[in-house]
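Take a look at the structure below.
A, B, C and D label the chains in the order they appear, each numbered from 1.
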Amino acid sequence: MTDPTFTGMDELYRDFILDHYRNPRNSGTLENPDASFEDINPLCGDKIRMDLKLKDGVVTDVKFKGRGCAISQASASLLTEQIKGKTLEEINKIGKEDVLENVGINISAARLKCALLGLKVLKSALALKYLDEPS
Amino acid sequence: MSAILQAHGLSDADVERIRQDFPILNERPHGHKLVFLDSAASSQKPIQVIDAMDDYYRRYHANIHRGVYHISELATEAYEEARASVARFIGTPCAAECIFVRNATEGLNLVAYSWGRTNIKAGDAILVTEMEHHSNLVPWQVLAQQTGATLRFVKVTEDGRLDLRDLDALLDGAKLFAFTAVSNTLGTINPVKELAARARAAGAISVVDACQAVPRMPVDVVDWGADFIAFSAHKMLGPTGIGILWGRKELLDAMPPFLTGGGMIGIVEMTHSTYADVPARFEAGTPAIAEAVGLAAAVRYLEAVGMDRIHQYEMYLAEYALKRLAEVPAVTVYGPSLEHRTGVISMTVGDIHAHDLASILDSEGVCVRAGHHCNQPLMEKLGVPATARASFYLYNTKAEVDALISAIEKAKRIFKIA
Amino acid sequence: MSAILQAHGLSDADVERIRQDFPILNERPHGHKLVFLDSAASSQKPIQVIDAMDDYYRRYHANIHRGVYHISELATEAYEEARASVARFIGTPCAAECIFVRNATEGLNLVAYSWGRTNIKAGDAILVTEMEHHSNLVPWQVLAQQTGATLRFVKVTEDGRLDLRDLDALLDGAKLFAFTAVSNTLGTINPVKELAARARAAGAISVVDACQAVPRMPVDVVDWGADFIAFSAHKMLGPTGIGILWGRKELLDAMPPFLTGGGMIGIVEMTHSTYADVPARFEAGTPAIAEAVGLAAAVRYLEAVGMDRIHQYEMYLAEYALKRLAEVPAVTVYGPSLEHRTGVISMTVGDIHAHDLASILDSEGVCVRAGHHCNQPLMEKLGVPATARASFYLYNTKAEVDALISAIEKAKRIFKIA
Amino acid sequence: MTDPTFTGMDELYRDFILDHYRNPRNSGTLENPDASFEDINPLCGDKIRMDLKLKDGVVTDVKFKGRGCAISQASASLLTEQIKGKTLEEINKIGKEDVLENVGINISAARLKCALLGLKVLKSALALKYLDEPS
């Protein structure tokens, strides 16, 4: 019954995670964002909104606002650091594994949704933007 | 020899092994071996299904979805794995298309309330057949009454099949066509694929009552091409308290919720709420978690035996039973000839009422259903108030068919019928 | 000594004996003893309940009601005996007033659909409270939206109780008052009898969400004087997949069916049907038979221990837990003082989000629920996105409260909170 | 698991039961009955209608029509024989036990409803009549 993938709690909540939770980078909103999306994890109530500025297919600025657990907020914060200056193509390639690598640990299924909420919001913002754009 | 075995689907040794898995077969009602011939009403359960639920309650029961702790995660995974098992079993690549309900009846009502109330308008036609179980008839009667739609009926022929001659006319203007894949009274196997295709061509959605099909033959919803299908776990070796509504994702996505409350919401504010995506949107409240675990075990059991073989074996028993019954004077069997039917056999014996027949059969340990089988309009049509129905499943044997025949002969003796 | 034991409701030896009946308490998640403090979400099951269902499937499973043979008669009797047990347990002399549903959520929806769609008109008011579980809020939101009625709210006070000062004004013109007997987030015990009486005086029916009350305190529906109450078996030692809607017979008798199909009909003709009497009218399709058998075993278990003693013991644990929690800096407990509450305790710890807290507690084997507890509007009101909730039941111990406190201290260390 | 109250089938379906089933007494309907009722056992479809003529509180004639099992039809037939010439008071006293005594055996719960259907219809007919009557 013990879970082989179970990670010690000290390892999960390392200093840099607590730091990103308590001092989220790129926190806030942008005026007139080029892309924007908000989503929640309805089962636990975690919420994240992300605003993006884009220029020539490159993310020039990003801010996020949210509430939720250390895992969801820290991984969103880490994600915003990672994408600034990146092209849409590069962002498209960011996957589940990258987010888990950011967080640096194996987490259980129940917390996976928390860790991935930021990425889901980011991808939705860009997908929506892409839909809006006359192509 | 092997050609015969193959034709049988299951060898005697296979069936003997299977029977070991069903503890109830050791019961001795009234001092007789239990001869259970009522699987069409509800099947018996193998120890693998009973144990899976037992194990769930002993080791990892907890409410699902919102639990962060270990046993709750295990329960959540088991519940979603059950959904994935069912999806695989009926051939859909999309597990979210499988909604857990209490039973097929609730699944059909869900369609009538959520899809029906949204899409059916006064003047629309709803097409059903004369051989529907009440659960695939009364919800459409109520829907028609409440919306001002009209009900139309596909007739049943003398030999117990659907009369499809005027199907195009009946489908003209119909928005929904509800029909059973297999009749629970006559055993008739209907041409689901053809009916679904013709419904679609006419602009109607198709709702298939798959209660008697999913337990007894391979079912592939993609091949069928229907829009909704409903069935119950308890008829396919699974527990009571859980059934499945499968629907095409595009339809489900566009449907409003039916039951509302915990677990199916998005954001709840004081006076209004948003709702979760499919399938959660249609699963309000704490679901039947142990039952989903039991159903998954039932699916594994059926898959391990093989639905093709189960179907073949049932046909083999049906053929033998029909042959033996034909030899007994005063027995009338209803329904079509073997090539159009499965191992669900309705009969009457002389002027013995079905209840009396079933009581006498019971006194010999033989369990059959007696009554209208939730098919009152069909009974009117057959001109009998009730029939006795024997139905076969993978754990039945030729010897049990023989026991049925002897018990019928006893009934005839008691009622002094030649 | 005996005075103290009595105050405790259950002695340590009683609880030790009770714990032997719950196999799951032997589990060791992450290598720790399981400390299950999430019974408000779903309780664990004693071996008596697990065995009752096991025995049902092994010895006498069959579809009910229409079966003439022996095992079907046994199943039918067991199902109706379960109804009688529930009736006795909640103090009604009339078993037919107890309708089996999947869970409390379905029970509340049944009232909203069947009674609500018949009796609520545009302009009517529906009164609920700010502390309702989504299952006792969203069905009324939908009913209001579909009928043009308006929703009104009884406010929650700072200390987590219902603000009844303007209840008369709120009830003026209201047709239905839906409220919880015990809050699943704050633990508040509401004055059901008074609320039901005032609703009746104002001409409104009362619908009581009894999910957290029936498992944890003696409930007598005659004494309460409400019109409907709903609760779920899985929170009171019973199985998943079954719940109860109790309603006053006169109201149920006058209500149209909700789900339709097999088992709930009178006479079915092609285009219309008549319906069976209560309770069958509201139980369409094959019911959760094994689950009813399990629920009956759960009721027997609770009766044998005694609901008075269970309630006392829970209050004793709650008092101890509140005292211990008050000693831990940075812990905030929500809800009213001890005399108005029960052993359901919501808390936050410093700036640790409830999910993180629950994860860390889990790593010590301590199971608590984290989130909005299907109480989003109440969370908004409390000004927290989520809380961690510990809830106690008859199998919990003081030592487990201590384990909770140690695990909270570990969480504070990890989050570097003083 | 064997049922102690279980009766042998030969004992249940004795000649006089089969005779009442195949040749029901007082079969048919009455024109202008003073009381009348029809009911079914919805679970099995058994159906019985009973018509009564009453004079000065005495049943002067009775006919029944029905369909169903030997138990339900024979016990209705036996009941009609029993009540002819009886006063309403006497009929009121007829209970479950009397019907079972008519049939002469112990029967299982599932069949009890069959045996009692005739009595239920009779009592309903009289109750209805009594309701209709200006009192």
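Keep this in mind: a residue touches a chain if its C-beta (ideal position, glycine included) is under 8 Å from a C-beta of that chain, and two chains touch if they have at least 3 such contacts.
Here the structure is a predicted model, which means the values were calculated and not measured.
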item: Partner chains shared by chain C and chain D (touch criterion as defined above); value: B
item: Chain of greatest Cα-centre distance to chain C; value: D
item: Where chain A and chain D are represented by their mean Cα positions, the distance between them in whole Å; value: 76
item: Where chain B and chain C are represented by their mean Cα positions, the distance between them in whole Å; value: 32
item: Centre distance in Å when chain B and chain D are each reduced to the mean of their C-alpha atoms; value: 37
item: Chain A: positions in contact with at least two other chains; value: 1, 3, 6, 43-44, 108, 111
item: Of all residues in chain B, the ones touching two or more other chains; value: 27, 29-30, 59-60, 66-68, 70, 72, 265, 267, 355, 359, 370-371, 376
item: For the chain B and chain A complex, residues of the former touching the latter; value: 59-60, 65-68, 70, 72-73, 76-77, 265-267, 276, 280
item: Touching residues on chain D, where the partner in the complex is chain C; value: 1, 3, 40, 42-44, 108-111
item: Chain C residues touching chain A - in the complex, by the definition given at the top; value: 27-31, 351-356, 359-360, 363, 370-372, 376, 379, 385-386, 410, 414-416
item: Chain A residues within the chain C interface of the complex; value: 1-3, 6, 8-10, 12-13, 18, 22, 43-47, 67-71, 108, 111, 114
item: Touch list for chain B against partner chain C, complex; value: 23-24, 27, 29-30, 34, 38, 41-42, 44-45, 49-50, 53-54, 57-63, 66-72, 102-106, 108-109, 130, 133-139, 141-142, 144-145, 151, 153, 232, 234, 239-243, 257, 259-263, 265, 267-273, 284-291, 355, 358-359, 361-362, 366-371, 373-374, 376-377, 380
